[in-house]
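Chain lettering (A, B, C, D, E and F) follows the sequence in which the chains are written, and residue indices restart at 1 in each chain.
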Amino acid sequence: MDKTDDGFFRPVSGFDLPRYAGVPTFMRLPLVPFDHPRFAEVQVGLIGAPWDGGTTNRPGPRHAPRQLRDLSTMIRAANGVTRVRPFDLVNCADLGDVGPNPADLMDSLARMEAFYARVRAAGIVPLTAGGDHLCSLPILRALAKDRPLGMIHFDSHTDLFHSYFGGTMYTHGTPFRRAVEEGLLDPKRVCMIGIRGPAYDFEDRDFADAVGIRVIPIEEFHDRGPVDVMAEARAIAGDGETYVSYDIDFIDPAFAPGTGTPEIGGPNAWQALQVVRLLRGVNIVGADMVEVSPPFDPTGGTAFLGVTVMFELLCVMAERLAAQD
Amino acid sequence: MDKTDDGFFRPVSGFDLPRYAGVPTFMRLPLVPFDHPRFAEVQVGLIGAPWDGGTTNRPGPRHAPRQLRDLSTMIRAANGVTRVRPFDLVNCADLGDVGPNPADLMDSLARMEAFYARVRAAGIVPLTAGGDHLCSLPILRALAKDRPLGMIHFDSHTDLFHSYFGGTMYTHGTPFRRAVEEGLLDPKRVCMIGIRGPAYDFEDRDFADAVGIRVIPIEEFHDRGPVDVMAEARAIAGDGETYVSYDIDFIDPAFAPGTGTPEIGGPNAWQALQVVRLLRGVNIVGADMVEVSPPFDPTGGTAFLGVTVMFELLCVMAERLAAQD
Amino acid sequence: MDKTDDGFFRPVSGFDLPRYAGVPTFMRLPLVPFDHPRFAEVQVGLIGAPWDGGTTNRPGPRHAPRQLRDLSTMIRAANGVTRVRPFDLVNCADLGDVGPNPADLMDSLARMEAFYARVRAAGIVPLTAGGDHLCSLPILRALAKDRPLGMIHFDSHTDLFHSYFGGTMYTHGTPFRRAVEEGLLDPKRVCMIGIRGPAYDFEDRDFADAVGIRVIPIEEFHDRGPVDVMAEARAIAGDGETYVSYDIDFIDPAFAPGTGTPEIGGPNAWQALQVVRLLRGVNIVGADMVEVSPPFDPTGGTAFLGVTVMFELLCVMAERLAAQD
Amino acid sequence: MDKTDDGFFRPVSGFDLPRYAGVPTFMRLPLVPFDHPRFAEVQVGLIGAPWDGGTTNRPGPRHAPRQLRDLSTMIRAANGVTRVRPFDLVNCADLGDVGPNPADLMDSLARMEAFYARVRAAGIVPLTAGGDHLCSLPILRALAKDRPLGMIHFDSHTDLFHSYFGGTMYTHGTPFRRAVEEGLLDPKRVCMIGIRGPAYDFEDRDFADAVGIRVIPIEEFHDRGPVDVMAEARAIAGDGETYVSYDIDFIDPAFAPGTGTPEIGGPNAWQALQVVRLLRGVNIVGADMVEVSPPFDPTGGTAFLGVTVMFELLCVMAERLAAQD
Amino acid sequence: MDKTDDGFFRPVSGFDLPRYAGVPTFMRLPLVPFDHPRFAEVQVGLIGAPWDGGTTNRPGPRHAPRQLRDLSTMIRAANGVTRVRPFDLVNCADLGDVGPNPADLMDSLARMEAFYARVRAAGIVPLTAGGDHLCSLPILRALAKDRPLGMIHFDSHTDLFHSYFGGTMYTHGTPFRRAVEEGLLDPKRVCMIGIRGPAYDFEDRDFADAVGIRVIPIEEFHDRGPVDVMAEARAIAGDGETYVSYDIDFIDPAFAPGTGTPEIGGPNAWQALQVVRLLRGVNIVGADMVEVSPPFDPTGGTAFLGVTVMFELLCVMAERLAAQD
Amino acid sequence: MDKTDDGFFRPVSGFDLPRYAGVPTFMRLPLVPFDHPRFAEVQVGLIGAPWDGGTTNRPGPRHAPRQLRDLSTMIRAANGVTRVRPFDLVNCADLGDVGPNPADLMDSLARMEAFYARVRAAGIVPLTAGGDHLCSLPILRALAKDRPLGMIHFDSHTDLFHSYFGGTMYTHGTPFRRAVEEGLLDPKRVCMIGIRGPAYDFEDRDFADAVGIRVIPIEEFHDRGPVDVMAEARAIAGDGETYVSYDIDFIDPAFAPGTGTPEIGGPNAWQALQVVRLLRGVNIVGADMVEVSPPFDPTGGTAFLGVTVMFELLCVMAERLAAQD
């Protein structure tokens, strides 16, 4: 699929319609659900996953897609630093929300996997706005059905725990344990960055060590800096297909208070963007921004930071996709 | 135009997709802008007017259409009291937002009038979510171009002042003075309900008396009660074409804090709905809900009350329209 | 079990320790979990049910027990209107929270039923702070295991729906449908008060009619007033064992904004207390206050109203229990 | 002193300068401290008492004068119901704030008494914006130095307690006990309206009964209504000099959340104004609005209600003063 | 004009009157409007410009002067780092607010220009608290009437756009384009620091390049650091008369959320002060702090940061002015 | 006293009971007041000091212990960086709150001193959650009764002023002046870090210089960095008994807005933790976290940062205590 030229896949400009006006879609892109006549032309699909059924602590990410869409109307068309214009490079659209079942966890996982299988079948690269981190599991089930992916994972938690509450296997603290077990991730090509905070135990870290996942804790991140750390991350991911999972709690809570399980002492907002720009060249087959929690984000600042990160993700994804064509 | 039966003009049900999910349109109706293939089938159009250029005090209503759409996803399909099902009676759609020019008042008035002229030309009855109260003026210019309308007006202010700041003629305190001067309203068929609050002077009230507008101040409203007052209002409006303008500051600020110029001591929320149900039978050719100001409504409660009033308005409008067919 | 006299079961006075000080238990009562040496002496147990797994819309009630305990430190020892002193009449204690499994709905239902079975076995009358309304189901399963109860139910919704999302049977919109099906409630002795709001359909109301549940909608409540309505409710409940379920969304959202599914136009705060005082004499074997949602209650005002209702409930429960002794 | 005619004592109009502009004084009146050349012409002085040293629970009223001044810029010049124009009748001015000592209670009481003694010596009738309710005591010490006053007191608490924390005599729960003991109030001419809420004990009520203070609890207020209750209050106060003390927690917390010790079930906002209008004719020698607590009033709605009550107080005070001249 | 010594132009000390007390003027300085007897003695005038008529996105800066005054009462008398005591060096006063016309953009521009012409005529150096960034244009029209000024401009946007909405020339995104066109600024002596964020296009940057304005984007700022960047800025401004314009959105939104068009990734608060201290020696003839938006600043933290920046500006201005005398 | 092994002194795990559930004690530890049977086994006691009677500006810290307990339920069992497990090393417990007298400053000081004398007599090392900074004085009176202590003090203010308001000796700006005067601190072993902000005068700094207290102002902190600064601080404290006082306003207000007297430009959250980790090896005999003010911390982020600092303090205290055994 090539980039089309008729302007359909362009965002509305704030020079034409004020940014606070209009029905809010992701980045003011056209809304193109599965049954839309131009669905087949989409190259990168922005998708909302309004579900937080895996949340063991403070809920809220189910509301994130709506708030992220709202704040995403503040995003414009060109990257101020890299000058990439993603909407000039690939056809981007808002595919709408995957419909969860808030009262049935397993049903929600199935609904999400089916949705992303359809996205993948259409050859669309998904950029997801979660939802809690358990959302990444059904996405990976759809995208990595036939071979494991690498992953670059920004977070304050590894989400590699075995289970909670005496045996509950599916929570937002376990998705990547399941993904490794299910062969969806190649642990040797997985790098987790920013891990920090008090712990109950280090069972997750022991698992990472055992299977070969590289964990870069926050003290190492602060010591080495983003450029050095990201060079290592790119090397770990290599040229293979890679998923990028970005938990908003990677960022320090002063910059991103709107999340359910914050941990003190993370990167600042500039670093939060910088690490994404340093993904340039990675072969990204999907990405997500998860754990934004509007009830804990009264000013919307966390969502605005979240969508700015999403725009940076979109820029590196679009550049790579355009180069592939 | 008859009501269609193919389900297109139905809202999404919360039993199918959770109410917090999906791109928020008014009442989860389809978004049908002017260039949409099914535009010609619309009978009642819900329209956002994100503009507050006439606001002389605390701004914010420009943000109201977005917040009202968000909260309107809490609305369902049938009226719990009257059991009216408006979406079964007429084709309703979200027509999107009229695009204002936030830095040019006169240009905004012109853009709005042109938009509503097009709506009227299509035979669509508009239900507007403002915006500040000056929005009502260009709407009336479009709807009442060829003959004056009656009006039932819920508000704590008459908005009948001559001018502000030494001669400024267009503010949210002057729209109905202009509308009477321009022959858009028949003052004998205008009734204003809920007027209250300290005043600079009573020049507005003197004007009302002079031209024959009936003003029912709040103390009279509290004494007589909604049923009696609304019987008089219906009699004043008569059988002729009537506009309904509902300023959210009609309601007491404890129920509707999110507005720029609140006045203490208004009706409660139940009365706020009741007065609309008592419009049953009025020949409504257009209606608006104005002055909702999200920056002063941190919990969204005002917007939720606002859209509930809009749903009540829609029910009486749909019933009347269906009866006319 | 008689009331003890050694002061153990008394709340801390604000004349001794300021009300903002100290670890917050319900109404500053002693914390007496199952393994506490004085557990067997408890007559009325205040219990937190921090679970909202049945919530289909905006989550949050899992946080309510903590916020309700916090605000409950504002409650004092004697009822200002009835002059009842519940802590003089019966031994009251905070039994702590039932521990849910936030990622497993069925496990949570089982945990809650087991907890309340233990409470019942100890002869303790439970007064629960939810949690969403699905919490009432496992409580009823424990309390009504051997015979159906009557119920007086304050709410804006009947919570009598059959299922959601294509067959999900357990949500906060279905508990009483299940309870009737399971024989936990005698529908002829059930009265639901305050029902209102737009509806998808009236399937719930049809079910109520079919099984003989009396539904008093809000327009009837406003017309007849609390005294008359509650006389009917008491008559319906009769002398038999009765559960009282109080959903905070019974009250108008201006008074109780902190809830996930508010409906416009409910009773005011005075009426909210008055209906409880009018329960005097009812044979209450358990009661709950549900659907308080702290994320939507930034000022804590909803929780304060909720605990004041709980205090009124406690007064009528204590009076009846003391009279029975 | 007669009303002057040169416009100096007039508020700035919102038709000239927007209401959000300008340094905020009470009701946009001139700031006339003791050393101002026109101080001697002032007839009614609006005074801030930014002190909450007597608060035993949640602090905050020290911030009230500033927030009340801010919101008071929303007040205009004429009463919408009674059409009284207080600024036409008497010379009103903002006298500034009395300077407290936040770390020394007894010093603060002395500073306040000295300030009000000076106000009284100048023949100025003070209308105070507190501050917590202990502020009323030094005001009464200054105003009632030579003979006891009557008092009409709107509140949810009697503030007649003997002491707190084992003997602390000066708190915001004790001012009127002290005032009666010191002979500042004639208990036979004191009426307290709106008393409610749970109590530790009824020692305050017993004291009221013993000395002859008339307490009208909230259930009686709701039963009889404002007109009847206020007729009794006026009769109790009689023709003698009377102080009016208005605690914002008289009003239901949904209307006035911004206060430290709210009690559920009070009057609504309309009734809150109505009771003041029903003071017409009372010989008011001073009045206060206390216990507004900005930290608990994020939207400013409580302060706006507070200053609207102050404006109603000013109207009845000015009318009476003008009639006396 | 020399510094006076009678204490009139000193701020009130928090050791005398608590900082939350008193009518809030800028930095607790005397309020000295044009008609005040001591107006002629003022050397630096702090002025509020409560106007946001040029705002194309989220409004609010019209409320900034009031909130900035409020928070400015937290400022004390001496700079903790440089130990400069500005109020010892020059006569500072609060000149009050320039009165805008919120419903007429061109009238507001004219009113502001006239006000500042009067300030300039009195030989007063203005330090303005906006308002949105369009306020800088009429200020420059007054200050640079007879020769162009240099400018050091802290911002995330250049505000150099040609027009919006199809030809609207006056918005908060265009003031410096107009100022260059009108000859008010010498582009060779203009330096813009901190520019960032997604863009619609780079037309503004192309204009800057064409006329010789130096733009230092944020990535360069982060790379070089404040000391190096400010050395260049001082060199660009040179010894000539220079205006300093400080848009609060220069600072990262975590530190300054209260603004209408935030951009992620700016300087932190320490750097925000540091760049001002590095203006030492620049020949500043006027300065402003703009785009603070209280509706988006619920805690007041942005305003507090804004007034702290203003205090740093005042210190460098006072030092230079005192040295000139 | 040795560490016990029966699990009593362990926190509840979030893998067993969700972190939002249960009555909130500090770090989910057991509540062990003086009369508890296991009181004698406690080694480190976490204590709330809900008092802000010394606050001269914006009040609120009296509410901090409750909010800190609430947020402390987010803390887990092991330090993510140092891997210290404090609850494995020493017996930790929540000792409850010291009961102040909010209306009597001197009585509160006496109550607090008596409480801590009892703690000290039991051989318990106290870790206090204030309260305002005046709380540190009675704690020092109890802990340093018989010999002066060293102190490492993180703050933006020295709190070394002589008096306020014309001679008031006890405020939150004077505790360490009093402590030095009373011989509770050895000034040669006191180091104050992070001092900044505008000042009225530098009398406090002059006093520090005179008695030999080392003050490291913020500009020096930013220049040298935490590692270097803390090496000096450790050297100053030496091996002797040392108190650590941590005022939350040490941290930049973007990270810690919830405090009464913030100062712009402090350390970020990572540095805020780092300085505590760099206390390793200091002979800490007591520590506090003061000036957290919930009314200014609507999201709870400040409290969460505060308790994370407390956990870091606990880790270094426990390590040292365990090493001593």
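What we mean here is this: a residue touches a chain if its C-beta (ideal position, glycine included) is under 8 Å from a C-beta of that chain, and two chains touch if they have at least 3 such contacts.
Since the model is a prediction, treat every value here as computed from it, not as a measurement.
Q: Which neighbours does subunit A have in common with subunit E?
A: B, F
Q: Please give the intersection of the contact partners of subunit B with those of subunit F.
A: A, C, D, E
Q: Walk from subunit B over to subunit E along touching chains and report the minimum step count.
A: Contact-graph shortest path, subunit B to subunit E, evaluates to 1.
Q: So which has more C-beta pairs touching, D-F or A-F?
A: A-F
Q: So subunit C and subunit F are the same sequence; what rotation in degrees superposes their CA atoms, nearest 5?
A: 180
Q: Quick check on the interfaces: A-E is repeated by which of B-E, C-F or C-D, going by over half of contact pairs matching?
A: Within B-E, C-F or C-D, the interface duplicating A-E belongs to C-D.
Q: Over half of interface residue numbers shared between subunit C and subunit D means same, under half means different, so which is it?
A: different
Q: Quick one: report the Å distance separating subunit C from subunit E, using the average Cα coordinate of each chain.
A: 56
Q: With centres defined as the mean C-alpha position, give me the subunit B-subunit C separation in Å.
A: A distance of 39 Å separates the two centres.
Q: Please output the residue numbers of subunit A that touch at least 2 other chains, ranges allowed.
A: Those would be 16, 18, 20, 56-58, 62-63, 102, 164-165, 254, 268, 296, 298.
Q: Pairs of chains that touch, anyone?
A: A-B, A-C, A-E, A-F, B-C, B-D, B-E, C-D, C-F, D-E, D-F, E-F
Q: Which residues of subunit E touch subunit A once you look at their complex with the stated criterion?
A: 56-58, 164-166, 195-202, 217-219, 222, 252-254, 257, 261-262, 264-266, 268, 296, 298
Q: Taking the touch rule as given, give the residues of subunit F at its contact with subunit A in the complex, in rising order.
A: Interface residues on the subunit F side: 13-16, 18-20, 74-81, 83, 254-255, 268-270, 272-273, 298-299, 301, 304-305, 308, 311.
Q: Flag every residue of subunit D that touches subunit E in the complex, lowest number first.
A: 16-18, 20-25, 31, 48, 50, 62-63, 65-66, 69-70, 94, 96-97, 99-100, 102, 298
Q: For subunit F, which residues count as touching subunit D in their complex?
A: Spelled out, the residues of subunit F in touch with subunit D are 52-60, 62-63, 101-105, 107, 164-165, 168, 170-171, 295-296, 298.
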